[in-house]
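The structure is given below, and queries will be raised subsequently.
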Amino acid sequence: MRFMTAGESHGKGLCGIIEGVPANLSLSSPEIDKELRRRQSGFGRGGRMKIESDHAEIFSGVRWGKTLGSPITLFIENRDHKNWLQGMSEDISAQGSLPPVTRPRPGHADLAGAIKYGQQDIRNILERSSARETAVRVACGAVAKRFLSEFGIMVGSYVTQIGNEHAAIDSQPSSEDLQSLFEGAENSVVRCPDEKSGRRMVALIEKAMKEGNSLGGVFEVFVTGVPAGLGSHIQWDRRLDGKLAQALMSVQAIKGVEVGAGFAMAGRPGSEVMDEISYVREKSEARRKKERKAFTAGRTMRAALKGA
Amino acid sequence: MRFMTAGESHGKGLCGIIEGVPANLSLSSPEIDKELRRRQSGFGRGGRMKIESDHAEIFSGVRWGKTLGSPITLFIENRDHKNWLQGMSEDISAQGSLPPVTRPRPGHADLAGAIKYGQQDIRNILERSSARETAVRVACGAVAKRFLSEFGIMVGSYVTQIGNEHAAIDSQPSSEDLQSLFEGAENSVVRCPDEKSGRRMVALIEKAMKEGNSLGGVFEVFVTGVPAGLGSHIQWDRRLDGKLAQALMSVQAIKGVEVGAGFAMAGRPGSEVMDEISYVREKSEARRKKERKAFTAGRTMRAALKGA
Amino acid sequence: MRFMTAGESHGKGLCGIIEGVPANLSLSSPEIDKELRRRQSGFGRGGRMKIESDHAEIFSGVRWGKTLGSPITLFIENRDHKNWLQGMSEDISAQGSLPPVTRPRPGHADLAGAIKYGQQDIRNILERSSARETAVRVACGAVAKRFLSEFGIMVGSYVTQIGNEHAAIDSQPSSEDLQSLFEGAENSVVRCPDEKSGRRMVALIEKAMKEGNSLGGVFEVFVTGVPAGLGSHIQWDRRLDGKLAQALMSVQAIKGVEVGAGFAMAGRPGSEVMDEISYVREKSEARRKKERKAFTAGRTMRAALKGA
Amino acid sequence: MRFMTAGESHGKGLCGIIEGVPANLSLSSPEIDKELRRRQSGFGRGGRMKIESDHAEIFSGVRWGKTLGSPITLFIENRDHKNWLQGMSEDISAQGSLPPVTRPRPGHADLAGAIKYGQQDIRNILERSSARETAVRVACGAVAKRFLSEFGIMVGSYVTQIGNEHAAIDSQPSSEDLQSLFEGAENSVVRCPDEKSGRRMVALIEKAMKEGNSLGGVFEVFVTGVPAGLGSHIQWDRRLDGKLAQALMSVQAIKGVEVGAGFAMAGRPGSEVMDEISYVREKSEARRKKERKAFTAGRTMRAALKGA
C-alpha cells in the first residue's frame, strides 16, 4: 500500500491517491468525513476550521460502495479557495494579484524551502508546507483504518499534555483502559480523558490565545488487535518501529516520538522494561502476560507537538 | 520524479499526481491539452474519442503559470460520465443499476483481473485496465516533456507500420531526418510520414472497421538532445534501456519493444552493429561519428501494438 | 523480494544480496552452481569462461540447508583476480600499477560512463558494466527459481537464432512443446533445440571467431505453471509485462524484447491475436482454450542480443 | 543512495552493499575500521566485543583508494564464527548439531519473529535480529560520513544519560559547544562529556553487571555544516525529520527519538520554541540568529535506548 498527497492550503483542494487497497472493502465518503470532522473539532482551532467543514469526495477506486482494488482518489475541496481565485490561480494572467510574503516565520519550512526551491515569495512554500495538508492524510488514514478494522485492529489516541498541564493517566494502560481513554478523548474538546485536567487545558489555551501565543502538547496513539509479525527484523527499513516513527515525525510540528515507555525506559534497569511472556490458554496462543505490556513495547506510541 | 495515476474509464475522471518536478518551470493547461488532442486525433478511433475532447485541469502544484516544486495534480474529467452516474457511482445505493459484465474478453486483463480481485462483474476490472487510462499518462508525460524541453531535449514519434502495411522509412534516420519524420507524422491522420503508405493504412483501417476487426501496428519513439550519462550501468534497475522498456511495455496492448535496430541486430555481426565514436571539433566534445547512429543505440525505441 | 548486485569483473568477486525470500525454503550452493555452469557452457565463449568455474558461496540467510527469511548473501569469487591483485586493488598504494584504458569501445557503456562518472581510465567503468556481472544475477535468479519451483512454476529458455541462422521452431509451442524445446536446448552447445540448425550455428560462430567478429542472436524464455493474477493492471509500474521487459532489457547487450508473438502481432488483425478462453472441466477452472496460447500473451518472452 | 545489510550474528560475517556513492571519493578500510572500533569501545560491553576487533573488508566499488561510483560491498568477518562452524553452517549436513533455542526473551524479536517466520528454533530469528547487525550499519555509515565530510558536514554524538544518571549538559549547545562535547565523549569510556557524571555512570554499570542486569540511556546526535534545503516539505516521505526518525528508531533497542528540544517543547509556549532568523552579514546569507538554535530545530536528535 502506498499513497501520495498533493495540494496547496488555499488552492482548489487537496488530493490523495492511495494504492494497493484490496478489492471488495466497503468504503464511503461519510466514513472518511467522520475522521475529517474529528480533525477539525479541537478547542481553540483557528477560525478557518469553522469555515471549512471538510468533505472527501471519492474520485476513483470505489464503485457501489466497495473498493475496486484500483487506486482510490480522494479530493477535499478548499472551501476558502473562492477568496483566493486570483491569488492561487494556476494561470499566469493572475501573476502579481497578491503581494508576496517575504518574511520567513521561524520554526517553519519557510526559509529552507524558499532557498531550496528558489522562491522570492514565501507563499509558494507555505501553501504546501501548511498543516492543512494533514487533512488529506487523515482522509487516506481513514481508508487504512477501514481496512484494518476488518481484522479487528483498532487505532485510537488521546491527549496527555497541553502546555505544562499533564493529565493524570496511567502510564501503562491495559487494552480495556485504552478503549475507555479513547472514549474519554472523544468526549473532550481537548481530547483529554482526564476531565479535570481537560478543563485546565481549556483555560490554558484561552489564555494563550488572548496573548496571541500558542501551546504544544503530547498525545498517545495506540493500536489494539495487532497480530504478531508486522514489520520485520531482517532489514533496517522493514522494522515497524522505524516506519511508525517516520509516519509520526513527518507530521507537521511533531518533534518527538516514543514507543511504549520511550525515554522513561532509559532510566530503568533492563529487568524492569521487559514484557513478560506467558501462555494464555483460552486464546490458544502464546502471548505476553499483561496485554497492556505486550502492546507497550511495539504498538503504543507517544508524540510531542510544538506550538506554532 | 515519480507519478501515479488513478481513475476508471467511465468514472468521474482520471487523476494523476506527478512529484519531484522542480519549481519555477512554466506550465499551463493548454500545453497539456495539446498533447491530449494529439492522443485523440488518430484515424479510426472509436466514437468516444469524438465525445471526449480531453482537458487536463491543474488542481495543484502550479501557481501563476509556474510550478511550485510541490506535487502537480492533473484531473481529466470523463465527459461521458454523465451517462454513467448510476452505473459508476461510488455510492452503495446505486448497486445493481447496471447488469454485470460476465464474459471476459480474450487478450485483455478481464479474466486474470477478475480472478485476482475476486470480481463477478468484469466491469470492475475493465474500467481500470482500459486504454482510457493512457490519457492521464499522456498528461503526466506532457509535464515531463515540458521539463525536458528546458534542456533542448525533444521527444517525437511516428508510425512505421499498420496491419501489414510497412511505410518506406530509413531504418537509421539522422537527427534532421527524425525531425522531418516527426513533422510528417504530425500532418498525417495515421501519424505516418510516408504519405503513400499512409493512404494505404487508412484504407486498411476502413476495411477492418467494416469487418468489425482491428489492426495492430508499429511506431518509433525518438529523443534528441539527450546528454551522455542518463541512467547507469552500476545496477540492473538503474539502466536506461530497462526503464524505458518498462515504460513502453506497461502501455496497454504494447507487446514488443526494441532499442535502436533491436531484433535486426541479432542477425548482423558485431562489427556492423557498433556505433563508431569520433571527435566533433566544433562541439568541443567527443561524440559518436554519425549522430543518427549515436542515438540508434540508446535512444530510439520501437514498439509493437496488437489489435484489440 | 528485492536484490542488489555488486562487484567488478576482475575485482575480488561478485556479491549479491537477495531479500524477502521466505523462511524454510531448502537452498544449497550446488543448486546455484548448477545454474552458473549453464551460464558458462555456451559454445564459443571466451577463454575466461573456462578459467572461471563459478561457485556461489552463501554468506548469509541460510542455515542447515534452509533459508532463514533474512537477506541471502551470495559471493562468487573472481578466480582470475589473483592476476589483478595490484591492478584492481582497493588500496591507494597500487595506484598506477596498470596503464589506463583510454579508448572507449563503441556499443558499450565506456564513453557515457566515463563522462558521467568523471573517469580518465575507462577500466573504472568497464569493470562494472561488464557482462561478468550477469553471473551474480544468475545466482540470484537461481534462488528465485528455487522459490518458484515450490509452486510448480518452471522457467526455461532456448535459442531460436544466431547470426542469420534461424531455427525451425513452432512459433506457438504448447506447454509440452516448451518442455521438450527446453530439454533440446539443454543438450545443445548453442542451446538450440533444432539440431541441424544448431550445427549451422556452430559453424557460423567458428567463422566469426576466425574473423575476430561476434554474432548476436535471439532466445525465448518461457514460464509454465504461472497462476492467474501476477502483476496488476491497476498501476503502470505494477504491470507484469513492463516488469519483465525491464528485467530482460537491463541485461547487457539485449536490445529487443517481445511478449508472445510480439512484433508479428502488429501485422495481424485483432481477431487473430486473441487467445480464446474456455472452461477446462477437469481442472475445475476457467482457462484459455489452448494453453500454449494462454501463455503466449503474457508469459513467453523473446529477447534479441547484439554482438559485442 | 541506498543500502542493504545482511548477515547473522554467528555466521560467516556481515555484509553491506551501499549504492549511489559518487565516483572519485577517497575511501579506505582503515577509515571504516576506525568507526568500528568506536562502536566496540564502550565500557561494560560484553566479552564478545573484545573477541571481535572488527575489520571491514572492501569487496567492490573502490579501486586505488577511490570509489568507482559502483556499489560498494563491505564485509565484516565474524571472528567468533570458527566456534560456530557447525551450529551456523549453511549445509544441511550440520542439521541438529546445536540444540534449539526454545525460550523467547521478552523485549526482543524472538517471539514475533518465530511466529512470523514459522521457526521452532528461535536461534533462526535472534541471529539476525541481534544488535551485532549494527556493526555493518556503522560501516555503511562510515562511508556516508566520508562523503558528507567533503561538504564540511560533520556528524557527532555524546551520551547524556545512563540509567538514572543525567549528565550536566547544556540543553541548547552552540556549534562550538557541540564540537567540544563530542571531543569529551571521544575521551570517555561511557562517551559522556561530563567527567564527574561519567564516573558515576561507570559505577552504575558495574553495579548492574554484578546484579546480572543492564541499563538504558540517552544520547544526542548532531550534524554541523548542513546546508539549508535537505529533505523537503512537499511529500510526507521526503521530510527530513521523518527519515532521520526512521533511521534512528530502526536501531535495535532505541525506543524514543526527539528533534531539538523534543518533548520539552510540548510544555513551552510557541513563542519560546521558535528559532529567530536574522541576517549574518559576514556570511552573506540569511540564517537563524543563534546558530545553536538553527540546528536545534532540525538537526540535533536525541534517542533513548532501553536495557536488554
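Letters A, B, C and D mark the chains in the order given here, with residues in each chain numbered from 1 onward.
In this section, a contact is a pair of C-beta atoms (placed from the backbone, for glycine too) under 8 Å apart; a residue touches a chain by one contact, two chains touch by 3 or more.
Please read all numbers here as calculations on a predicted model, not as lab measurements.
A.B. asks: For chain D, which other chain has the most distant CA centre?
C.D. replies: B
A.B. asks: Identify the chain pair with more contacting C-beta pairs: A-D or A-B.
C.D. replies: A-D
A.B. asks: What whole-number Å value describes the gap between the mean CA coordinates of chain B and chain D?
C.D. replies: Whole-Å distance between the two chain centres: 46.
A.B. asks: Let me have the rounded angstrom distance from the C-alpha centre of chain A over to the C-alpha centre of chain D, please.
C.D. replies: 28
A.B. asks: Roughly how far is chain A from chain B, going centre to centre by Cα mean, in whole Å?
C.D. replies: Result: the chain centres lie 38 Å from each other.
A.B. asks: Chain D: which residues touch two or more other chains?
C.D. replies: 4-5, 19, 69-71, 116-117, 128, 232, 234-235, in rising order.
A.B. asks: What residues on chain C touch chain B, complex-wise?
C.D. replies: For chain C paired with chain B, touching residues are 4-5, 104-107, 109, 111-113, 115-117, 125, 128-129, 137, 161, 163-164, 208, 211, 213-218, 228-229, 232-237, 239, 241-251, 254-263, 265-271, 273-277, 286, 288, 297-298, 304-308.
A.B. asks: In the complex formed with chain B, which residues of chain A make contact?
C.D. replies: 2, 4-8, 11-15, 17, 19, 22-24, 26, 28-29, 58-66, 68-73, 75, 88-96, 116-119, 124, 127-128
A.B. asks: Can you list the residues on chain A that touch chain C in the complex?
C.D. replies: 19, 69-71, 232, 234-235
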